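In order of appearance the chains are A, B, C and D, and numbering begins at 1 in each one.
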Amino acid sequence: MSRYQHIQEAAYAANMQLPQLGLVLFTFGNASAADDAMGVFAIKPSGMPYADLSPAKMVIVDFDGKTVEGTLRPSSDTLTHAVLYKHWQGIGGIVHTHSTYATAWSQSLRDIPLYGTTHADHTTTSIPCAPPMSDEMIAGNYEYQTGFQIMQTFAEKKLDYHEVEMVLVGCHAPFTWGRTAAQAVYNSAVLEELARLALLTEQINTQCAIMKEALIKKHFERKHGEGAYYGQE
Amino acid sequence: MSRYQHIQEAAYAANMQLPQLGLVLFTFGNASAADDAMGVFAIKPSGMPYADLSPAKMVIVDFDGKTVEGTLRPSSDTLTHAVLYKHWQGIGGIVHTHSTYATAWSQSLRDIPLYGTTHADHTTTSIPCAPPMSDEMIAGNYEYQTGFQIMQTFAEKKLDYHEVEMVLVGCHAPFTWGRTAAQAVYNSAVLEELARLALLTEQINTQCAIMKEALIKKHFERKHGEGAYYGQE
Amino acid sequence: MSRYQHIQEAAYAANMQLPQLGLVLFTFGNASAADDAMGVFAIKPSGMPYADLSPAKMVIVDFDGKTVEGTLRPSSDTLTHAVLYKHWQGIGGIVHTHSTYATAWSQSLRDIPLYGTTHADHTTTSIPCAPPMSDEMIAGNYEYQTGFQIMQTFAEKKLDYHEVEMVLVGCHAPFTWGRTAAQAVYNSAVLEELARLALLTEQINTQCAIMKEALIKKHFERKHGEGAYYGQE
Amino acid sequence: MSRYQHIQEAAYAANMQLPQLGLVLFTFGNASAADDAMGVFAIKPSGMPYADLSPAKMVIVDFDGKTVEGTLRPSSDTLTHAVLYKHWQGIGGIVHTHSTYATAWSQSLRDIPLYGTTHADHTTTSIPCAPPMSDEMIAGNYEYQTGFQIMQTFAEKKLDYHEVEMVLVGCHAPFTWGRTAAQAVYNSAVLEELARLALLTEQINTQCAIMKEALIKKHFERKHGEGAYYGQE
């Protein structure tokens, strides 16, 4: 039995949820689960159909992207996961999908505007879209640089990655994260719905305005503030 | 056995229909069932996955929003339900969802125009969109005020809540109701389809006009007038 | 055993296909099957959920709309079916739905343009949209007049109802028919897809032109002309 | 046991995947599997419902379109398959569908622009749309000419059919191919998603630009270049 079984099981469960939630076609996505103290994460093997996965097939990789355990090649996006785990504290899981609406927003190079309370229940700002990297960064260690591009976007926009747990990578597709892999999966499904809602909102009203500050504040605090009163805890 | 079992079962059945009808993602919705004579309603516990629900978990709340029976915290939208039950007569069930198309119309701050007989089969007017509340109302008892905002919209537009059993809360999402919880669920599914139809209609014909009065009258009376001849009764 | 069992079974099977093909929400649709020689048709009872149907519950109605056998009230659209059976020869089944895209085109009061071979495989012209009736016709025997409105549209546009087996009723929704009830159901599903394709085509290319005549002719004849070579017969 | 059993089974499996992937309505599609050395391919019988298929019913046809084994009539699109197998080397399977979004792009007569990495993971160029044929070609041996029209489009646009394994036939619908029938099916599903993503991208950002060259190159090489590092081989 692997000493990494707990994160293998978490990563496996997270990966298996992606097709069930309609977030991936074929193998267009991957989820990972990290153990901060051990400095490693478990991630989907590259290009393997979801039906062929098992917890034991999850590859164990350290925060520099080096495979620690497992004979399969880890996801081609592994270095992006590694960079975020290494530099951001308290992240227990990361999910990458090419879910349709979030990917279309990524391709359009636009942030997703905050048009309603469904969005504000999860974050108080637009969902940021990281611009495409410079040609030099792309030609270099691409997936590694993708991680830094995400971090730089958060730095420039002064966003807190514990408050905004999702990003669009320009011309590519979304990444989400959370304190657990299950939370990262949840955020991927929420992002897809927010992306769809925002497009429909703009189609219904081409003059649509961002939701006003008082409502943004109220809805986020219902779920996340000190006086949060949503849920059972 | 609880003396509230009848409304707990009705509320449970209504809540369980919401994911089956594709109207909710995760826990983004709630249904309640009221007993007018007892002055109480049964409502979904807050933030609990639909798969974990049972009739006994439905929380019993009075029309002032005070929990009467049950140890779980009721839905965060409980006060909105309470206000409508208290002030509107003959309402047996209320449903709140963030269903995609109805929510997009809510975010666009537009009433849903009456473009066809599918709409007229259910109501003779546009589906009203209540404007966002003032900042003071939002900062105050938000969910309680949401109920009053809905009532005020109906008063200003001179709408009869027995004739129009649905509303869009601006920047938020829809509420529907009916003489039973099952009817409120039905209205939520109908509203979602009317919202989708109206957007598609405007996309196909950007100069689309409201349906003419004679057809509105005819279709509503087929189902609801004195000489109604739709259905088996 | 009813002497109408053959059409009851055909009508039942046709009705049950409608929700399976995603063409109806709740009870928003009805199918009938006729026996020309007997001068009657079997049709869905009004407002009854599909899950509660059985062949024996199909109501037998003559071509003047009078119930011949059965205790349930027939579909509220029965007179429209009756008029078409009475005046058009060789129709074995009729289907009415409020399927989303076809209904949106109906509400937009536009014919569905012939943009591609999927459309031409089934008909050589636009799918006609019958304009809403005069207020007098609406206030009179509405469903009866709907049948005449459809026939008049075919007469004015010089369409052959054996060649074009579908129509949009303006502000309302589609009707389709065919030599059998099964063929009418097939046509309803095809119409819904043609309606969806046409909207998407206009969204992708706002300057889109009707498909050229040579292709229209070729594709229709592949399936329907004398030298048809599609299928096994 | 037929000596063609291996391609019959491959063609059968490919055909059965089409409805499962949501790519065909009724019988609007067909898949074939070829054995280059034997100079034949197995293809779906014309107009037969997917539920009635079996491997033994797949018709064996040579690269000139002549039936070699089987009593059923082969797909009406058989000659298009035959032409491509005869003139293009190393094609093991071909799929034709009328999948919704790819068909809408075909009807719009536009190439699908390369807007993101999901697209670049599969090809480095726009997905080409072959213009409708001349009236003479249509009136002649239509399906045979469709094959040549596809080949001519690839020649004119200087595309490599091993690098771009998909095409839109103008006013008609897509064809895809690959080294195996399974790969051709995969390409059909990918094409449908790329078509949907491209439309949504243009709806979100009407000024959307083609993705820059460095990203196109990087993503294609991740999966297909000499240093490819996606997947397990």
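To be clear about the criterion, a contact is a pair of C-beta atoms (placed from the backbone, for glycine too) under 8 Å apart; a residue touches a chain by one contact, two chains touch by 3 or more.
Given the structure is predicted, the values throughout are model-derived calculations rather than measurements.
Because chain B and chain C share one sequence, their contact can be compared position by position; here under half of the interface residue numbers appear on both sides. Chain C has its Cα centroid 46 Å from the Cα centroid of chain A. Annotation: 33 Å between the Cα-based centres of chain A and chain B. Contact of a single residue of chain D with at least two other chains is seen at positions 203. Per the contact rule defined earlier, chains pair up in contact as A-B, A-D, B-C, C-D. Within the complex, the chain A residues that touch chain B are 115-118, 186, 189-190, 193, 196-197, 200-201, 203-205, 208, 211-212, 214-215, 218, 222, 229-232. Within the complex formed with chain D, the chain A residues making contact are 25-26, 28, 45-48, 72-73, 76, 98, 100-101, 103-110, 132, 135, 138-139, 142, 171-173, 199, 202-203.
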